[in-house]
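Read from first to last, the chains carry the letters A, B, C and D; within each, the first residue is number 1.
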Amino acid sequence: MIIITRPDITDAELDHIRERIEAVGLHTHLSRGEKRTIIGCIGDESLLQELPLRSIPGVENVLAVLKPYKLASREFSVNRSIVRVGASAAIGGQELVVIAGPCSVENRGMLRETADAVRGSGARILRGGAFKPRSSPYSFQGLGREALALLADVRAEYGLPVVTEVLDTRDVDLVAEHADMLQVGARNMQNYALLSELGRVQRPVLLKRGLSATISELLMAAEYIMAHGNRQVVLCERGIRTFERATRNTLDVSAIPVLQRETHLPVIVDPSHAGGDAALVAPLAFAAIAAGADGLIVEVHPSPEDALSDGDQSLDIPAFDALMQRLPAFAAAAGRALTLDGTTALAGAAVA
Amino acid sequence: MIIITRPDITDAELDHIRERIEAVGLHTHLSRGEKRTIIGCIGDESLLQELPLRSIPGVENVLAVLKPYKLASREFSVNRSIVRVGASAAIGGQELVVIAGPCSVENRGMLRETADAVRGSGARILRGGAFKPRSSPYSFQGLGREALALLADVRAEYGLPVVTEVLDTRDVDLVAEHADMLQVGARNMQNYALLSELGRVQRPVLLKRGLSATISELLMAAEYIMAHGNRQVVLCERGIRTFERATRNTLDVSAIPVLQRETHLPVIVDPSHAGGDAALVAPLAFAAIAAGADGLIVEVHPSPEDALSDGDQSLDIPAFDALMQRLPAFAAAAGRALTLDGTTALAGAAVA
Amino acid sequence: MIIITRPDITDAELDHIRERIEAVGLHTHLSRGEKRTIIGCIGDESLLQELPLRSIPGVENVLAVLKPYKLASREFSVNRSIVRVGASAAIGGQELVVIAGPCSVENRGMLRETADAVRGSGARILRGGAFKPRSSPYSFQGLGREALALLADVRAEYGLPVVTEVLDTRDVDLVAEHADMLQVGARNMQNYALLSELGRVQRPVLLKRGLSATISELLMAAEYIMAHGNRQVVLCERGIRTFERATRNTLDVSAIPVLQRETHLPVIVDPSHAGGDAALVAPLAFAAIAAGADGLIVEVHPSPEDALSDGDQSLDIPAFDALMQRLPAFAAAAGRALTLDGTTALAGAAVA
Amino acid sequence: MIIITRPDITDAELDHIRERIEAVGLHTHLSRGEKRTIIGCIGDESLLQELPLRSIPGVENVLAVLKPYKLASREFSVNRSIVRVGASAAIGGQELVVIAGPCSVENRGMLRETADAVRGSGARILRGGAFKPRSSPYSFQGLGREALALLADVRAEYGLPVVTEVLDTRDVDLVAEHADMLQVGARNMQNYALLSELGRVQRPVLLKRGLSATISELLMAAEYIMAHGNRQVVLCERGIRTFERATRNTLDVSAIPVLQRETHLPVIVDPSHAGGDAALVAPLAFAAIAAGADGLIVEVHPSPEDALSDGDQSLDIPAFDALMQRLPAFAAAAGRALTLDGTTALAGAAVA
């Protein structure tokens, strides 16, 4: 932490600032410039986190030297993390992983049809919403427990691990019983009660970036889960909110290389929510892989115009298959692999 | 709902769109322009909410005619709502209400000292955090249940109703037992599980606008609480996230008159979080009242530089008193009242 | 300037960084922390402005200690600047100044009618566009030279100084001949050719903040004009672009106190463009004055629904008069004055 | 244009609205819904552009049916436009085009060295700034005329067409004499005087998107140039301003497919300014091509740490060559070509 003092600081104020810092166990180091004196704080910067340094008289500005995340940081783990999902999928390795499925689980038939199709096209994990965070209380809220049971059945039938969103701390154990991976939605990225609870289960978590969360805040949300005991976190860039309204959100494709520099955790991209438009899914998916993403999560519905949620941005089955056919070339250009046949990413792992 | 069709739409596509709309119970009305045919949908627009109209072939754009909120809308209630908090406060009437207190309840002494001081300066409701949503898992997370007990004690001692934040659906009943008003923080504005749960208790809710929530989304969050049975909602503008970093957030002062046009619910402003800087609290508080806010919520701490959270933006006791002394002139200019002595806003109500 | 080095920096890299800094004439000062070595640069920080420090191997981050603006900074001038406009107006003093008039000068009749009315209501400066920056090439582009002549005539007739926008470096001298103050529109805030040219005339400049300009960038735009020789700059907050679309722009009311801390230049507010809606002009004007603005610029049209530009946000004459009647109470609450009768803000100054 | 009326509209108000619309030559068409009456305006919507419809009593909202751009729109030209630059380059065809060179022309030696290197690596057009829009008046402002002469010399020597920025309407003819393509920088995207002037020269224009310009506004800026007579416009996405500060700007990669849907004009991407960091240039360039861009513009400097501007984001010569080696695989995956040897994109065109 570096403290920049006001030009008119008094010696007494300077001494007081130093005392406050030294009282929590750091050393201070003065550097007197022509216009400002700068106080360097040497030691464990996290000890200063609780100190409202800007409110101390004489302080003009406070600049952080270190990043606030630890377990999530690149310095914590030299190797990139690989997060295994179910028996057959692993995110973060050389092989890219595509997660696909309907926004909401609507009934058994559509879920089976979608699972069968996306597996055939090369998806490795099935997505499907049971509890839906809808902006209107009058909209379809998901089938809840019934959907969880359907997901578990279809998982067994097709051998695809499943990921589904959890909205409520009270549902974490229930969802963890039925799903291989638990999703935190964008609107809950800073729901700290939920993040803490997810730190206590041993299930991989798919953590979506909040609509206006900085990359640093996304990593701090991951840090919450990790600090509470669960290190299996996959980050998901899904578009941020900007002034532009031609698309539902603005895919922050730069976040992919920035995250790879800052963290060892895998990073996937959701091109469906980013663009909010089925016609944009393919170009955004290509861009994500080109920029180095470890995978994708794509909304697929057998009949988007009949979907109970997110139909506007869902691909139908042929469109998803067409997308998948084009991905391996982008993966190869990016120095990665994407295998479309039934061979799994995990050497020797068997798909049921 | 108005549907704008593509220039190259076929008659079969046009018929299909009309059939889909009529199937849910609305009438359609065609208007053939020079370049586009427009389909007006006549009837209960909410029936179309589930229909992914943009995904139907031939549709170029879909424009909503009506607002998605009902219970929260100005049309639902001709009169502005007044939300009573505890026995002695009412938000939304002619008299403005100031809520003040520490970011976090740190111990009994500081809470009593602050309560005593802010009541003396004219605050009508005491704020104090028990469960704190901190961006770092390593920061002080609040005293939890212990803080709730302290708040209840101080409420009894000083006769000030209290408001405190609830983070977890599992804590709603507990918090409702100890507090007069439950706060939903900005990061939980779209935590629908929490909003639904708050709809089931009969306690007023202070609903803070999310960092990147539109005014319409704020009203939809209120709608969630109201649709689940609790109509006592007070909205709070607390700054939105923009590109500007000279301030922690950007106070959207325009939201005050826009909300007053759109909803019957009271609107207060949090100048402490908006600016994130004690020096900005007063000018932002003045601006809020000038623009028509129904009240303020202000962070006050006996010694900001020792605060365990938000010290940078907390006023000390003399600064809060100085702020309060200046508010009545702005209230009067805005055609409202702000009484600083012990007389309460509710005729005949007694402050213990 | 403070340079934070990478954890794995070599001694040779460290030496190289120091040499680069010392080569431009500053001293360096090392502070070795537990994880990072920090290099403080002591001396004239502006000498480092040209140096791409981040591109030097071993550099992780570069933090500025000083602000990039000098002439515009609060440190440059202890006293707040007062900018005189024409013979009868002065912005930045105790008395607030209201500028009013039509978006565009449409013809002599409407300009005379508006000038007469706004002067009668207490406005001190007349605004009126001659060259209009319209987002469509097919929209009315202003009357150009003809409008300048009309403005000059009306100025003489009513004794009101006039402000009008200049869009093209080639028009600066022409506009300066006809107007008392030259406006730089939001879209030209970083048109450096225009700013430089305005530095060469001795006319006050009304510099509007760009739609996505930070406060620091606004001050750097003022610095351009000042560094080229013209110190008569008035800043104007007119709303920034954010994700919110309920209003045309988001009035950044916090910018007012922040600018007053950072600069000695006067700051006025444009509530017409900020909200983009006539119904929002009054509450935003009140908020601006409450937050400490030195004045307002308001669009007024005798018949907004017939206006050739910005009719949606223009006040008609009775609405402007009603607004003016309410302003003195807010000015007084803010510790300022706003005199509505013919007495000018400048003691002893005569209105022609 | 569709007009939504207020629920309490009177018949007289409704008649008045219709009269206003019909007075400019359109027909109106009423659609009475349960809560609102909607007025459809049939005819040439552009005639309504000047009418401040929202300010007419009884109007609640106004929704545009058609896009405001005409010449730039996809409907105007069925075929995608190809813009030829100099004798040897063409942007918008099957072959992708890479523009490369230094931010600023600093001297003859560095310009020759860069031109030679980037040509050898496969760039088709040389960039180099003569007039620099710097945010500080104290920074290097470019060599101006001297740089134009150097660009013209190097163009002749290496047979590379050159693109350079023009800042001032007074310089348009001069720059057009020396350069093959004129660039409008992001900060001048809505400098309508400059856009109009560029409409009068017959030189291709590289139009960069403004920091906070919507896609629609970018197209309206192109429309300005086109409506004034110059149809050779290439659009450039170079990052927009958002809340995220981990990168200098946020590359809006979605803008590429959206622009291709909306316009026939070519679209290239500037990964250097988007990320503001040399380390991000490659992943953003890959993403841009994957999303369908027609080319790239990349900053290259023989020694970035000695660059007089933008050194932080400039690639050195080996890094640029390494980038180019990887691009053809992405181009091929995207169904395009990028030829690195001396063969030009124009069949039969000869490189001097």
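Convention: a contact is a pair of C-beta atoms (placed from the backbone, for glycine too) under 8 Å apart; a residue touches a chain by one contact, two chains touch by 3 or more.
Because the structure is a prediction, the values reported are computed rather than measured.
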item: Minimum number of chain-to-chain touching steps separating chain B from chain C; value: 1
item: Between A-C and C-D, the pair with more C-beta contacts; value: C-D
item: Chain centre separation (chain A, chain C; CA means) in Å; value: 40
item: For chain A paired with chain D, centre-to-centre distance based on mean C-alpha positions, whole Å; value: 32
item: Chain C-chain D separation of Cα centroids, rounded to whole Å; value: 27
item: Residues of chain C engaged with two or more neighbouring chains; value: 212, 241-243, 245
item: Contact set on chain C toward chain B in their complex; value: 212, 214-216, 240, 242-247, 250-258, 261, 274-275, 279-280, 283-284, 286-292, 326, 329-330, 332-334
item: For the chain D and chain C complex, residues of the former touching the latter; value: 20, 46, 49-56, 68, 131, 133-140, 167-170, 187-188, 190-193, 196, 210-212, 217, 220, 223-224, 227-228, 241, 277-278, 304-305, 307-312, 314
item: Interfacial residue positions of chain A with respect to chain C in the complex; value: 2, 4, 7, 29, 31-36, 38, 40, 42-44, 63, 65-66, 75, 212, 241-243, 245
